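Below are two complexes that have chain A in common, paired first with chain B and then with chain C.
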Partner chain A sequence: MLWVDKYRPKTLDHITVHEEIAQNLKKLVTEQDCPHLLFYGPPGSGKKTLIMALLRQMFGVSAEKVKVENRTWKVDAGSRSIDIELTTLSSVNHIELSPGDAGFQDRYIVQEIIKEMAKNRPIDTKGKKGFKVLVLNEVDKLSREAQHSLRRTMEKYSSYCRLILCCNSSSRVTEAIRSRCLNVRINAPSEEQIVRTLEFIGKKEGLQLPSDFAARIAEKSNRNLRRAILSLETCRVQQYPFSSKQTIPPMDWEEYITEIATDIMKEQSPKRLFQVRGKLYELLINCIPPEIILKRLLYELLRKLDAELKLEVCHWAAYYEHRMRLGQKAIFHIEAFVAKFMSIYKGFLIATFG
Partner chain B sequence: MVMAKRNSIVVLSSDDEGDASNRSLSSNTSYAKSKSRSTSTRGKKRARLSGSRSCSSKDSSRLHEINLLGEDFNEVFTGFNDSAGSRRINTEELWVDKHKPNSLEELAVHKKKVEEVKIWFEERLKPSKAVCSNNVLVISGQAGVGKSAAIHVLASHLGAILCEWNTPTPVIWQEHLHNSSIGTPYTSKLDEFETFVERIRKYGLLSTFINGESKSSIILLIDDLPVTNGKAAFGRLKNCLHQLVRSTQVPTVILVTDYGNADSADYNAWCSEEIQLSLLSSGACKIAFNPITTNSIKKVLSRICQLEQCDLTAQHVDLIAKASGGDIRHAITSLQFFSLKENQKLSLSLSVTKEKENKAFTLDDGYSLHFSRDETLSLFHALGKFLHNKRETGTAIKDDQQEAFLIQERFARLPLKMDAPEKILSQAHVQPGPIADFLHENVLDFMNEEAIEDAWTVSSYLGDADILLTKLQGMLSRYNEAEGILPSAAASVAVRGVLFGNSHTLSSRWHAVRGPKLWRVEKNSLYNKNEMFRQRITAYKGLSSCHTSVMATEYMPALKLLGGRLESPQLSVHDFDMEDIDFDQMSLHGEENDDDEIEDW
Partner chain C sequence: MAPIVQSSQPWVEKYRPKQVKDVAHQDEVVRVLTNTLETGSCPHMLFYGPPGTGKTTTALAIAHQLFGPEIYKSRVLELNASDDRGINVVRTKIKDFAAVAVGTSQHKSGYPCPPYKIIVLDEADSMTEDAQNALRRTMETYTKVTRFIFICNYISRIIEPLASRCAKFRFKPLSEEIMSSRILYICKEEGLNLDSEALSTLSSISQGDLRRAITYLQSAARLFGSSISSKDLISVSGVIPEEVVQALLAACKSGNFDLANKEVNNFIAEGYPVSQMLIQLFEAIVETDDISDEQKARISKKLGEADKCLVDGADEYLQLLDVASNTIRACCNMPKEFSYEG
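So, the complex of A and B:
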């Protein structure tokens, strides 16, 4: 088991990073009145941990007995019926899924699942807790239509089920949904908090963890706790005892993007663009989300760029990111950005150096 | 020859006994056959209609069965002789039948090919010669290149009798109901064909009808093979043909129609190719007929014009010949249609012809459409047009442009040296999605090394096309009307974007067109995604699922490092088997269909 999972706090009481929020949630749940919840915050800040702990608080240990299912839903969409396949994680009391994976058919999935849950409403002996919890991941990836249909079903079936929504940015969640939920913002943990967590794990594992090394990991993790713990573990595998000068292995895909950026800066031609495309394909094959590729690529390019070009390049990056969301084939748009950048940069080089 | 004769005698005696089980069956079917034939007035097969029609009454069914072959034969034979003389008076007839070639000279097929076939026949028909090893000739060619006509003419030239097998018309349901009430079981056309082949192999031809002229030799012509559906039936057909090739004693000609290479994915085309291959491997000879050259078609057309006394300008004849695409049957029909119009609407055509004649020079679309076959283009042909992006050169066209509104220098492009892109798209029958993918995959190869600005324009337009396509998918079935327009618009944007953006084309040279790698990437990434999920949940007992993005960007790299695989930070992608798509290495240089090439040959 990875340390990330091993040392994940199981109950709200054990939560260390967002203690205050955890206590509030506990109070909320113990008073038996649980509204819909919307958790949002950057990756690696502890949203999932909080949600799991919350479920445990609500349903006891049974919430931890999950099974994984690959389910197919038959959905009637007007004239024809569509089969949608999704992986779900479920226990007796909750279902967790990422409707965003269904692509543009996401709106059907949300409605269908909630309806189904309403049908199989669990009945408690005391007549209490007559609801299930539906955990929806990546709500911000849902299409606008899906969010609208979610809003309606939320109202209609609110007595049967509670929704826990989880996303990175609430800005892509419609106003209507946000106002129907209790919004919980989860901050990224501060570097001190990360260091403290790392030290806690080090102590449990019986490791000698130099404090400046822990600080370096925390700094490199970009305030992402999960990443910090993962890199601590990889460092442990690579070299132990730790030395404070030890290199922290970077993510391979990040290095790869750095390589792409170097390629782009070196030569600007259709041929090079073609090579870059090949490399982008490799990233996509490994499921690196295109938005992240674009963002990282921009970051790498900006580091090497003259200040006067930065504004324009950022503009185009934003432009193509937007188009990427409108479209379907991400590679078309990333490539268009790369081509645009090459074109700008080439013009700049010619203007500067003749 | 002696063999065949003796065989026929044997069969005759068995016929008199009249007990063969398949006899009653075939007599009925042939009855049905002749009935349905009489309604079908398809072009060249018309000649057969006049033959021994009298014998279709039920009483004579016994005699009729003998004529299962004989009838065809008689019809063909008599029709043949007739068509030259007596029939020509009948103006109602289709010219295709009316002006059937009657001598080798009139045949439009290339001399060399005719000679080849002739030699083949002569070898087999020589009475002195011992039994030849193989008696089957496969003739392939497009529709309407005169395969059947050549055989007919040759047969009459050599004085041989031609027996023809045509796949009978299918039994329709009503007919089947009717038949089964009488007690006739249904037999598939394939069964019939098999029985037929079986008999041919065993007994040669049942040539009762040659009573008078029993000396003449026989040629068997299998004009179209039964349609098969499914692997099993196809296998049977192949097997049956194999047997035929192996053991037939009669010179047999099998005609196979080539479907244009355009629909190479088509099942039919695949079948015909497969059959040809299997026939060849069993030892048949093959002669391929090329499309008829424009010149030969012109010759035939002008001969017909003379006979029919319609005065078409040489220009029109030329145009028809060109538009026919080597299909002489089509050319003659067009000619008839065309001259018909001229005669009947003389007053109208007078005013119109002037206009027409102007247009005829440029082979304008609107005009030539009247008699051109709908051409199909292969996907690669179309892609080649778009990617090579051929344009007019020089300033000769400046005049045209002045009429149009003024465009800034950088947006102006020379006119395209091809049909409108949309037309090409419709000819190539491609879906908008794939065409965008194909263009995206290949366009960079066709760009000038310096032209990164162009690359941007092109990729931006492709992005537009993608967005248009996505909008369509999002709305599913709700906006039916929009469904037709949006994808076409997307395809148009993609193609025109490529044509517009690629303003500094490379001088044309050989390029391979690849299949879109994007498809493989999508497939593989989906696979990897599921794999990641599985790994995460089973092997690492994660309690909660997490986003794919998190998995890919954080867990996977860490897991790779933890797994002790520290060799390189390179992504381990290279080990996928990049299966070669069959069209991977397809040359685009068959692009211009050179008429010259055929002419030279």
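So, the complex of A and C:
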């Protein structure tokens, strides 16, 4: 088992990073009438961990006995019927799913499948709670239509079904949904908190972990706890005993983007743009999300620029990312950004150096 | 209903008014519906307004009060966005329901039971135009025996031919006084203690959305016990602390991009919603007195653009960074168009 799973705290009392939130959640579920919840915060900040611990607090160990099911649902989509494949994770008292996986068909998942699940009263009548829980992941990826479809379901069946929604970007969740939940913000852990977690794992694994090395991992993790723990484990495999100066391997794709940025800075020409396109395709094929590529590229470019240019460049990054959302093919927009950058930068070079 | 079900309702449902007369702040619609209860006559209606102002509550209350529990199912059809309401459903389901004649009503139930059916189309703004168009015909065909209640947040999403067939009622955001009195009532029922500062905080952070206010109240009660302070409410509400907003603004005013970028990164790591930040930034900009009106205008324009981008699903970090860089430019009086001469 990977350390990220092995050392995931199982109960609210064991949660270390978001101690206060954990204790608050515990109080929140002492009564039967807790509201729907919306957890939001950056990746790897501990949302899932808290949700799992919360379920365990509500339903006891039975919440951990989950089975994974891969089912195909036939849903009636007006004139025709369509098949939707969906993976669910469920215990006697809860069901977890990621409705966004169905892409543009997500509305049917909400209208047909989720409503059906919400309608059915809890099976386990002798259980402690009079309700069951539906956990929906990545609700920020749901289309507007799908989100609208969720609204009345949240009200109508609320006496025996609670929703726990989870997402990164709460700005993408409609006002109407947010107004129906208690919003729980999960901030990214601070670097000190990450160091403490790493030290805890080190101790459990019986490792000698130099404190400045742990601090470096934390710094490089960008406050992403999952990433920090993964790094620690990778380093452990690469070299042990640890040394303070040991390199912390960057992610492959990040290194690749650093390279792209260097290419762009060296030469601004159609030929170079064409070469860059090849590399961007490479990243996309490897399933690196396009907005992550764009943001990383911006990060690399900003490091190499003068203040004035920075202001201009970050504007265009935002501009093309927005267009990418509205468009269909990500490559066009990333490439457009690169071309725009080249043109600005070249103009700057000519104006400055002639 | 079994007691266990009762007690496990969240407060927003527990305190949903069951009678039209208990709906607060929406006097116009309450007056018309009170009349309906007396005379039985009822127009087609369109309720519109922001979330948590009582639209669904009012529609369900009137339906229940007109027909009572026994014949409710046969007289009221509630369709909302959780139902598929494509054009086919409109053609079949609604028609089927509307077409079955209402039985000669017996008044022994003690309810008015007027001789028509009610079709509630909640969250109607998410219906396609085609489906709405199909409804026109249905409305006309069965006009003697059905009344429609459309409910939506945005009236502009309802096609004109439907809207013009209805009596329109705008549901206003609840005023602070009305909100306070409703909250005080709930506090009394639940045995909570809310000082006057907390009360006004709650009213103001909920921005006229009573559902939100009730959710905050319940959350705060569970987390902090029966004595609730203004601070407790702010902490459950997700409002961004003022110092966070000021820190970003100060970084922008300093003209230092790297500093501003650091603040933005930090803000994202803390997990605050950028959409909320834009609102609070706007308030801060309007109030600040060390920049000119023209600068304020320049900054605000960008806030609006970024807000739209967020609604389209754009990345939060990039949008806030763009806002920050535009604010730097405005504060430092840099030209609007970028030029290479620094």
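Here, the second predicted complex is superposed on the first by the 343 of 354 C-alpha atoms of A that agree within 3 Å, B and C clash if a C-alpha of one lies under 4 Å from a C-alpha of the other, contacts with A are read in each partner's own complex, and residues count from 1 in each chain.
Methods note: a residue touches a chain if its C-beta (ideal position, glycine included) is under 8 Å from a C-beta of that chain, and two chains touch if they have at least 3 such contacts.
In this text the structure is predicted, and so the values were computed from the model without any measurement.
Chemist: Clash or fit: what happens to chain B and chain C when chain A is overlaid?
Modeler: When both complexes are placed onto chain A, chain B and chain C end up side by side without any clash.
Chemist: Taking the superposition as given, does A:348 touch the first partner, chain B, the second, chain C, both, or neither?
Modeler: Second partner only, chain C.
Chemist: So in the superposed three-chain picture, is A:43 touching just chain B, just chain C, both, or none of them (first/second/both/neither)?
Modeler: In the superposition, A:43 touches chain B alone.
Chemist: Classify the contacts of A:250 with the two partner chains as first (chain B alone), second (chain C alone), both, or neither.
Modeler: Touch status of A:250: first partner only.
Chemist: Examine A:227 and indicate which partner it touches, taking first as chain B and second as chain C; both and neither are also allowed.
Modeler: first
Chemist: Just to be sure I read the superposition right, which of the two partners does A:153 touch: chain B = first, chain C = second, or both, or neither?
Modeler: So A:153 only meets chain C here.
Chemist: With the two complexes superposed on chain A, say which partner A:33 touches: chain B (first), chain C (second), both, or neither.
Modeler: After superposition on chain A, A:33 lies in contact with chain C alone.
Chemist: Touching A:64, do we find chain B (first), chain C (second), both, or neither?
Modeler: The answer is first: A:64 touches chain B but not chain C.
Chemist: On the chain A superposition, what angle, as a multiple of 10 degrees, is formed at chain A by the C-alpha centres of chain B and chain C?
Modeler: In the superposed model, the angle at chain A is 90 degrees.
Chemist: Is A:181 touching anything from chain B or chain C once the two structures are fitted on A? First, second, both or neither.
Modeler: So A:181 only meets chain C here.
Chemist: Answer with first, second, both or neither: which of chain B and chain C does A:300 touch in the superposed model?
Modeler: Touch status of A:300: no partner.
Chemist: Nearest approach of chain B to chain C by C-alpha atoms in the superposition, in Å, rounded to an integer.
Modeler: 5
Chemist: Would you mind listing the overlap between the chain B footprint and the chain C footprint on chain A?
Modeler: 77-79, 145, 326
Chemist: Using the touch definition from the top, list the residues of chain A that touch chain C in their complex.
Modeler: Interface residues on chain A, with respect to chain C: 24, 27-28, 30-36, 40-42, 45, 76-79, 108, 110-112, 115, 129-131, 144-145, 148-153, 155-156, 158-160, 169-172, 175-176, 179-183, 185-188, 222-223, 291, 294-295, 298, 302, 306-308, 310-312, 314-315, 317-319, 321-322, 325-326, 344, 347-348, 350-352.
Chemist: Flag every residue of chain A that touches chain B in the complex, lowest number first.
Modeler: Of all residues in chain A, those touching chain B are 1-2, 5, 8, 43-44, 48, 51-52, 64, 66, 68, 77-80, 87, 89, 96-98, 101, 104, 137-138, 143, 145, 224, 226-227, 230-231, 233-234, 237-238, 249-253, 255-256, 268-271, 273-274, 277-278, 281-289, 292, 320, 323, 326-329, 331-333, 335-336, 339-340, 342-343, 346.
Chemist: Would you tell me which residues of chain C are touching chain A in their complex?
Modeler: So the residues of chain C in touch with chain A come to 4-14, 50-52, 56, 80-84, 86-89, 122-123, 125-126, 153, 209, 211-212, 215-216, 218-219, 222-223, 236-238, 256-258, 261, 268-276, 306, 309-310, 312-319, 321-322, 325-326, 328-329, 334, 338, 340-342.
Chemist: Going by the contact rule at the top, pick out the chain B residues touching chain A in the complex.
Modeler: Chain B residues touching chain A: 436-437, 440, 444-445, 447-456, 458-460, 462-463, 466-467, 469-471, 473-474, 476-478, 517-518, 521, 524-525, 528-530, 532-533, 537-538, 540-558, 560-562, 564, 566, 569-571, 573, 576.
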